[in-house]
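Two complexes follow with subunit A in common, the first pairing it with subunit B and the second with subunit C.
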Partner chain A sequence: MSDQGPVPAGTPQVKSLNCPNCGAGLTLRTFGQAVTVVCGGCHSILDAQDPRLRILQTFQAATREDPPRIPLGTRGTIRGTKYEAIGFQRRSIRVDGVSYSWHEYVLFNPYQGFRYLTEYNGHWNDTSTLRSLPTLSRGGNTLTYLGETYQHFQTANAATNFVLGEFPWQVRVGESAEVSDYVSPPRVISRETTGKEVTWSMGEYISGRDLWKAFQLPGEPPAPRGVFENQPSPLSANVRTTWEMVAVLLTLLVALAVLVYATARDEPVFEDSYSYNTNGAGDASFVTDMFELKGHTSNVVLTTRANVNNNWIYLNYALINQDTGHAYDFGREVSYYHGYDADGSWSEGGQKDSVTVPAVEPGHYYLRIEPESDPRHGSIDYTVALRRDVPQVGFFWLGGLLLLIPALLITWRSMNFEHLRWAESDYGGAPEGSLLSTVENAVTSVKDSIAREDE
Partner chain B sequence: MSRIVLLIYGMAVLTAVSFAEYRGWSLTRVNEVPNVPKSVRDSPGSYRSVYGYYHHYTGGK
Partner chain C sequence: MTQPTANCPNCGAKITFRWSASVQTVCEYCKSILVRTDLDLKKVGQVADLPPNSSPIQLRTEGVYGPHTFVAGGRIIYEYDQGNWNEWHLMMNNGTSGWLSDAQDEYVVTFAAPGRTLPKQCRVGQQYTWDKETYMVATITKAHYRGVEGELPFQYWNKIDVVFVDLMSEAGKFATIDYGDEDPVLYLGESVPFDSLKLKNLRAFEGWS
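Coming up: the complex of A and B.
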């Protein structure tokens, strides 16, 4: 205690005794508050309330096989209070024939009492017993505590495999208790039932790094493996922030679209009607009158309307700059077919076609047009119209999609994290009614329908 | 993704959309031919379109 500064007046002192089984020295740090104490030499579990330290149980174990990562007697500050590690136990559950074990540490402060640390695969929880009872839902799948809802995660029988140090209860190796965990990350509420006794406790996820710092332990804490039941998702806060920012950016995109549509010239620059005689022979190509494209470099939308009826017309277009000789060469087809068959009426194509010629510089232009069609189908009338500086809705859709990608990506990663969490639960998946469950059901449904189609 | 990175990314997307709209870009491309002789205006048949000799499929339904 000397390294902890002045001892407060009235503070009980550490008591030294000897094990009645092996004679090894015992240190009682809880000043009579411990119920049992375990000898580190012979692993006898002794009655700490008995002045003669009656032997309650002995068990075979080697402390070196599974030493506490926080050595007993180590002191550390948790939530502003200094605690001392006084007890250590290893417990395990069996699920589907596989044993999963974790460690529990008993911490003690003479004024604040007992507190616990649990560790599983590098995941730590700061745990204390509840002073009021949570409210269980009718089905037992959720409970409410201090206005917060907790989802049932797992129920299993936990057996005590190894104990060391002091405990505020009658600890025994081999004893078992039914443990049910309800999670609301970063917290977990556990209900532990032994016979008729029920104990409720709440754990809060704490990083090993913070714990190592609090207890000034040497080296690095064990790296966490997998996703623990109440481990807070590192992405949950980012998901909300990202969606909020994406919503702002999408609003700006809509505002930009309104601005573009309001300010675009979208002006007609040329329109004329023609007739193509499919019975005619020889060269059908011709050029239009000259027209001017004004303003800055912008697009030109060419629309063709033709009175095709179970027929087609193909038009070789060349939009030629009279001043520079630069041409935009493209071909468009207008075809429209319709009829009736055993399935009813059907139709294909239409009598109108539009194409956007991108980034056309201002200048004087004309069109060279060369129509084609099946011969001997009579005359096909068609109209050619050009508009300048027409907004392209496709870029706004593309922009919206690009803006959604980061939000969708981080949401997917967050859902994957939750999937890994709930895969370890009694349910093997997310709780019914949750967003993740809905998505998982939808994915399963799609996979099933694809599999059925393949069959 | 940090806020600043997302903000830069979002502003880059908005700028790209604005620029594409202003310059009249299109998601479709057309073939460009430089130096078309002025004589084409008087003799349209002398121009050879890269899309000439079109073969139409008339299968229908």
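Coming up: the complex of A and C.
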């Protein structure tokens, strides 16, 4: 009796059966793990645990009404594990009278079990059930899971409209579950409530392109439309690195500015006062005493002060290098006008003018000055002063501004992305208290105050 | 370690106990349920045909849990509305017994936790605290005893319906209350990723290597 030895457990086989309703061929790919299997020919939902495949429900659908993008039976590697697509369903929610549908794929590996893929408007999520309970906040607006906070996005009633293949649960067309989504891109945690049972799952955003590669599907995945609830912002990482880079560069810029200030000579090299008689005739030009410009090649700032009062003086300057004969020619005007009219007092110009002559080599120099003005304005007194190697701050301000522009631009674009994400939520906008909602409120109040001023 | 052996009182086949604390085993040849007495083995029942099994685990599958290695020495098979599942009896190398359940390839390792106060009955959503861990009732499953295989640390046969209450904690801990006997039994443990058990001697599936 014991000669035959123990009966081996045997290798589980993929089963090919026929639909008891229409006779079409059915493949059972889960070695008995599936609870229901759906015939693609006649849309009968069958009891996969029953050897005779008892019919549980039939539903109306056109032939090939909703062909799965990932055909059932296709295998692909997700996070290092090979899975086979075995089930497919379409579910939908109604918001303000509009129906939104998405697709869910059941994936199976005989050792690792079940995993899911969801697709909405070309946005994909790799989903698996949670092994521990998330902590809901008191108000229910956020939840915490593994130290991460998730924002409530939407709660809706999801109804099943179309099913195909195998499912590890009692699937029926027409049944619905309350689904709440909590997001922390690129992840989303969903709570599904059917009757008294609550199921938690976590999805992670995955690009269609990566899935097409994983499952070796022909062609291109459908292009994603809009911004999805847990789609990672392509900019949020950039925003951070951009601001970090800007901070580093601004620090360098400030350090450079401090260095320039600390090492600049900033010394007076020449100053003298003159008087120009506008009533005089002939050439008024003259040359100054010689002065020395020391140090390395750097700028010279020439300041002209004149006691003009409702008149002007124009000075033709030439800064001449005595050693080489090289001359820097430039003209400056000092004019100051003021008075009263119907609107009150007004003034224009001033009694002082400054100009920077950049990159002047060291050496011995003198100035040639030729004043001009309207004749018969009496005598105009003026002072000419020269400073050597004056630190220039304008460049640093400009540099700082140029650095900020791309950072602000990228931040603005990132905020627009978040705005589009949250526009689809139950709240129609960013969650209260978030940075985005604070900025949006500020922008709105500024717009309002501008509108009020215009009235 | 010498493994105690005896002969099947029904068919005479050699019966080897791989675990000295085993109380019950099933003859691999004639499927008689055998219970150890002080002197010999007594046949107490007969296992009917077992349902098709889709678990990747089988008798003598080896693995690691925490600091200990284990061998799956026996199992209890239950049926429920999602199919059937196994409670694998893990014979740990420190001499204790653990349980590995594999319902729909979701793996949970538990150990009997006697001496805790247990509710007479409970509802989904209720919370209980044992060993400073708070658990929430996630599912209540009415299961149907379907059969046994291999070595078990207690006598278990001829059962009919068993109610299991599964509880989860926020830290990923798992608890099961077995209402099969007059006095409920608590098992505490955790849900484990398949890879973490480092299982060897698994079954093969057609088309999957």
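What to note about this one:
The rule is short, and it goes like this: the second predicted complex is superposed on the first by the 320 of 455 C-alpha atoms of A that agree within 3 Å, B and C clash if a C-alpha of one lies under 4 Å from a C-alpha of the other, contacts with A are read in each partner's own complex, and residues count from 1 in each chain.
Definition applied: a residue touches a chain if its C-beta (ideal position, glycine included) is under 8 Å from a C-beta of that chain, and two chains touch if they have at least 3 such contacts.
Just so it is clear, the structure is predicted and the values come from calculations on it, not from any experiment.
Shared-chain residue A:423: touches no atom of subunit B or subunit C.
Within the superposed three-chain model, A:197 lies in touch with subunit C and out of touch with subunit B [touch as defined at top]. Look at A:33: by the touch rule set out above, it reaches subunit C but stays clear of subunit B. Judged by the touch definition given at the top, the superposed model places A:246 against subunit B, while subunit C stays out of reach. The wider contact with subunit A, measured as residues touched, comes from B rather than the other of subunit B and subunit C. Legend: residue contacts after superposition of the two complexes on their common chain; A:133 is shown touching subunit C, with no touch to subunit B. Within the superposed three-chain model, A:110 lies in touch with subunit C and out of touch with subunit B [touch as defined at top].
With both structures placed on the common chain, the touch criterion links A:254 to neither subunit B nor subunit C.
Of all residues in subunit A, only 238, 241-242, 245-246, 249, 252-253, 256, 260, 264, 283, 285-287, 296-300, 310, 312, 314, 316-318, 320, 322, 325-331, 333, 335, 337, 339, 341, 346, 348, 355-360, 366, 368, 370, 372-374, 389, 391-392, 394-396, 398-399, 402-403, 406, 410 touch subunit B in the complex they form. Only residues 1, 3, 6-7, 9-10, 13-14, 16-18, 20-38, 40-41, 44-45, 47, 49-52, 54, 56, 58, 60-61 of subunit B touch subunit A when the two sit together in their complex.
If you check the complex, the residues on subunit A that touch subunit C are 1-2, 4-6, 9, 11-14, 30-33, 35, 49, 82, 109-114, 129, 131-135, 168-170, 196-198.
Here subunit C touches subunit A in the complex through residues 8, 11-13, 28-30, 52-54, 56, 58, 81-83, 104-106, 124-125, 136, 138-139, 168-173, 191, 193-194, 202-208, going by the rule given at the top.
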